[in-house]
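One chain, chain A, links the two complexes that follow: it is found with chain B in the first and with chain C in the second.
Up next, the complex of A and B:
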């Protein structure tokens, strides 16, 4: 069995885990992150992508609002390549309680979130889809964050600074000796091979799975998994984020994301963290509610739906509630203090928007435990930008694909450029993804996986949902010797099934038709066999 | 006034229009788009995405009132028609033929155009890719093919045909280029050079993407055959030249025979008097155009063709605006309305894809009677019912 050592092992490749990893790397602490599937397998790629300004929490949860606003300002500076400063609107529609408006305005003013009332005519001119019956509109500094690029970029920067990452490795065992964690066992999901990681300290950042990890360490912990559904509209219908000006509820936010809009969400408690099921009734309920802000919503074409679970930490009565519950917005548990287990820390709850702050507090505690004095740098040191116009000015590519790469290639610009010289084919027309980008996104080791490529390049995220580009990418991978035909087949079966799932629940109109076409091409035209082997 | 009005110009609509013309009817086709035939492969499958033969599936056809005899007759009629329009089809519904697709999988089909040859179990195969055609990757095709046909001896080459164009080309772009004699000659020279460099002997069969000429496909195949050896097309991701050829040939023939086409027109309503449809409305709601008819054939392709739409309350008929079942057919059948092709749901599949053979046989099943006869028969039926 392979055995290696590290000062800190971080479990979970979501935004929280990779945030912790980068913070550790910047402070010079030796660390390895373990993720059971690909980075972003969990909630971190299954959310709304709203860079909160605090407005949503201003009335209900002041502390969370303060944290959100502060982090909003910091992330705009430090992860600029993944954030679009769209701005946002809070809109009151008829029947929303009048007294909430005053409460909200006061709360924002007290906290210091800059708001500004927008004359209705201006709001309607800016956002033509907005309900004309809207009564009050405020402007607020919300933003849109691309969780896929943020995750990948923060990780890449951590790796660049010396951190290690093991994806497709599941933590299966945590060994404790004398009330101190001594090592963890991880299992390679593809080969089944086991490895031991000896470490002084384990950070449990497994989001909705963090109770499972706690259980491996024999520590009692309760996480409520609150599943929310989101749908992707075919077009970007709004320039800025549109929120509803009332107590936060279901289906009241529209967030622009590149060329589309993401709309949601809901909240239903589910038993298992792996539960990302999609219910038609839930979808219909969302559309009904969403009409209050965007009356034409039922007529707008949708691409797909997806869901993710918010990990909500619940302190159990039996354990010491003092823990280190920094704020209500996040749960940082020092298990030495809470449960008498040394070398084990959990960081969970929170938000995408506050990942950096969560990481800072966690690593402060880690350093304290390890006796390291080193200050957090993530509030100032930026992740490299994605902008790459200069580096790619002279490439031979269609204008659309070129334009995309200018604001996309980032630190990969030189490798993409070199790959383009060999082959400048465009594989995905919806999202203008070139083979060169796919090649740069392929992992050095490990299996060919279309989902992994999608999360890094947007392959298959457009209206056709991979009908054409998944097949092309798989075929080209075999052609170029980067995948075997068995790997390509498994990747396709898996990829097609995952895409279909999100389309099936929309079940109507163009999404339904697109799904029929996808099945027609795969199973009729090409003669693909149904239900072939897929991943576990 | 038309004897027969057909909604849709997919395979079903075009075949029915041609048949009605053969019966000397006044025929109009109203269609808002070209039909799924353009995205199809040119193959006529028996049961799409299945290898079931006719014995195993004829009970399913019977559920749609299509008997084995009718299938045989319609296939014979189809083959004769395709001969006449110079796009001959081979194969049989009783013995399905294995063909290779653009992904290298082998599927069983009933009828195939003569640009295609069934895939053998043994022999030397050469898969020919064309640089720039992203939808056909020869090594990928080879690896998948070898899984199903391990006894084949397969090699691959890629011909740098569109060198330096910097464009991604479709199989149809390549097919158009191949129509040109000089381009073709250049291509053959490059292919031979590639084969020489890679020391590939003359194979028993060459597999190409579906790009062997658009109108001059016979010449393309002949030239390749004469200078190297036998070839087959492997249609895959759309667009495939094999499908476009089929559409173009049928459409051209229908026009030549005097079918009246109302293209880019959407039917949104049917007027029914006394249990009989008398006209359909096209254009827009405020200023509709009425087209009078004696018989109406719905070949609107269901969900994929656009005749039906899935809405949150179920299926919606956006063509005739009449109450329909979950199968897409009328709740109260009307004697002079006929549903063919993919316009209604098939008993054999989750999807709405009916497949070529059902499309051919259902098109062939439409009885062209004069209105009077029709009424007479209905009267007789009533009489019998009363008796």
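Up next, the complex of A and C:
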């Protein structure tokens, strides 16, 4: 068994965990992050991707609103490659209470969130899909954040600064000696091999799984997992974020994300963190509600649905039935103080938007515990931008694929360029993904996995959901010696099944035809087996 | 009537099945061309609410409409490519040559005024070399001849006095290059007791659309809609002999203009043989057709296939006693309107012509029958077969009586 040492072990490769890892790396603290699957297996890739500006929380939760607005400004500067400064609208439609508008305007003004009333005609011209019966529209500095790229970039920067990352490793055991964490055991999902990581301090950033991790350390903890559903519209129907100007509720946000719009969401408490099930009734409920903002919503084609759980920390055992009234502000638990266990800290709850702030507070506490004096730098030091226009201006590629790479390639520009010279074929046409990008996103070791590639390149994220490109990518991987044909076959089966799960629940109209085409090609024409072997 | 999806709703329905790209004639000869799926629904989706994007390879699209007719979701793909042509033309400016080629009517008027001179010049090697040099029109390229005695000059009837009333849209080709086709149409209608009226008309706009001149093309479309709709309102049927003009009125006008007027006109437009076939089905056709012992090969132009009305030319010609006609079942001819006149597209144009040249039924025929003047130009270029319009053959059969 491999045994190694580190100052800090961070559990969980979601945005919170990788934020902590980068903060530690920037402060020169030696750290390892352990993630049970790929980065973003949990809530961090299962959310709306809204870079909040505080508007949603202004009335109900002032503290969360202030944090959001501050972080909104900081992230625009420090993770610019993953944020589109779309701006956002708050829209009041008939039947939304009138008095909320005044409360909201006052709250935003008090907090200092810059808002501006937009004449209705201008709002309709900007957003043609918006309900023409809208009564009041305000502009607010919301943004759209790509959680996939943000995760990858923040992690890459941490690694660049000396941190270590183990993905597809599950934490299976936490050893404590004399009320102090001494080591953790992790298990490689591919090989089954175990490793022992000796450490002075463990940061539990396992999101919806934080209570499970706490249990490994014999610490009592209650997390409510509040599952929300989101759907991906076939097109980008709006230029800017559209929110509903009322008390936050279900199905009241539309966020533009590259070529699509993400719409949602709901909130249902579930028992297990792994529960990402999707219900048809929930989807229909969302569409009915969403119509208030976008009346043509029922006619708009969807690509898929997905769900994720908000990890909502509860200090007492008494459970809140709705899950909505628990603070979304962060929960930072010093288990030495709380439970008498040294070397164990939990950071949970919060939001994607506030991940950096959560990390800052966590690492402040870590440093205090380890007796390190070092200031947080993440509010100023930016991760490398993804812009790459200059580097790739002269490549031979279709204009639309080029356009994507100009705002995508970033630090990988030179490796992608070199790969393009060898092979400039487009693998995924819906999202214009080249083989060159796939090649530079492949891990140095580990198994060929289409999901991992998807999260890094957008392969298979378009309307056909991998019907054509997953197969093409798998075939090319074999042809180019990147994967064995057995590996490619398993990757394909897994990939296709995951894609079709999200399609099935929304399948009506064109989306249903698309799914039938996918099933027909895979299971009938090409005789692929259903329920193939899963390797993780 | 053709299914007319709205521009916006339609590209959303793309299932990525690739049928359009597999069948696109240009995609079959060029790897440079993005293809209908990429340059149609995909590009739309990837640019919606994100600003426009120019793709120079759109120049290769001939607007043949094969993509529209192969799409299982009935997406008007070629409307999307036509608009992309406009974007491209606006982005890079239109070549002087393409402006000239897009103005078929203006060229027609001018050239037919100086017809003997024009035709002689077009056959002169040195003059063609100059054209190749300045205009990038290949010297080897065959050019349709222009007639001084054009149809517009000769035929002035603007109102029909018969019970069935036909408003004839002749199109630039039958007006300036092949007035005999227009004459034959008038005669065939006469044999059927119909007096033909020729309303005020402009070029249908197809060459403009094909060269990215969307605004100019739409202007022509609107003036034709206004002119012909006033006839429709008086009970006229609009009948045409050029397959491209016909398809434009049936499909492109409603698709590009998105107006109720365009739609209403489209519902009253007929291809000449389609119209005769209706007369036949209603028992109104003059069936005193004399025997012709010819053996012909029929070539269906893309824009004929695009109308989705079967094969009315063969249906009609088969009524002629003794007449033998076989469908060549060939692909796109490669002339593709103004496309084949362009130097940089000449090699594609020639490669495309292959399926046509290799046709067995053509080899065994006395002559070729087709509706399209541009396809005829390609036959003239690549083969030594004579080419006739079906309406000319029908006229011959009537006249033998």
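Criterion: the second predicted complex is superposed on the first by the 522 of 536 C-alpha atoms of A that agree within 3 Å, B and C clash if a C-alpha of one lies under 4 Å from a C-alpha of the other, contacts with A are read in each partner's own complex, and residues count from 1 in each chain.
Operating definition for what follows: contacts are C-beta pairs under 8 Å (C-beta built on N, C-alpha and C of every residue); 3 or more make two chains touch, one makes a residue touch a chain.
Quick caveat: nothing in here was measured; it's all calculated off a predicted structure.
In the superposition on chain A, A:373 makes contact with neither chain B nor chain C. Of the two partner chains placed by superposition, only chain B is touched by A:485; chain C is not.
In the superposed pair of complexes, A:178 makes contact with neither chain B nor chain C. Shared-chain residue A:468: touches chain B and chain C both.
Touch criterion met: A:430 reaches chain C, while chain B stays clear of it. Judged by the touch definition given at the top, the superposed model places A:259 against chain C, while chain B stays out of reach.
Residue contacts after overlaying the shared chain place A:394 against neither chain B nor chain C. By the touch criterion defined above, A:513 lies against chain B and chain C together after alignment on the C-alpha atoms of chain A. Applying the stated contact rule after C-alpha superposition, one finds that A:121 touches neither chain B nor chain C. Ranked by how many residues of chain A each touches, chain B and chain C are led by B. With the contact threshold set out at the top, residues 468, 513, 517 of chain A are in contact with chain B in one structure and with chain C in the other.
Every residue of chain A that touches chain C in the complex is listed here, in rising order: 234-239, 256, 259, 299-301, 398-400, 403, 429-432, 462-464, 467-468, 510, 513-514, 517. Across the complex, chain B meets chain A through its residues 36, 39-41, 45, 48-49, 101-103, 105-107, 134-135, 137-141, 143-144, 147, 166, 168, 235-238, 240, 303-304, 306, 309-312, 350-353, 355. Every residue of chain C that touches chain A in the complex is listed here, in rising order: 9, 12-18, 34, 37-38, 42-43, 45-50, 53-57, 73. Contacts from chain A toward chain B in the complex involve residues 284, 298, 396, 424-427, 468, 471-472, 474-476, 478-479, 484-485, 488-489, 507-509, 512-513, 516-517, 519-521, 523-530.
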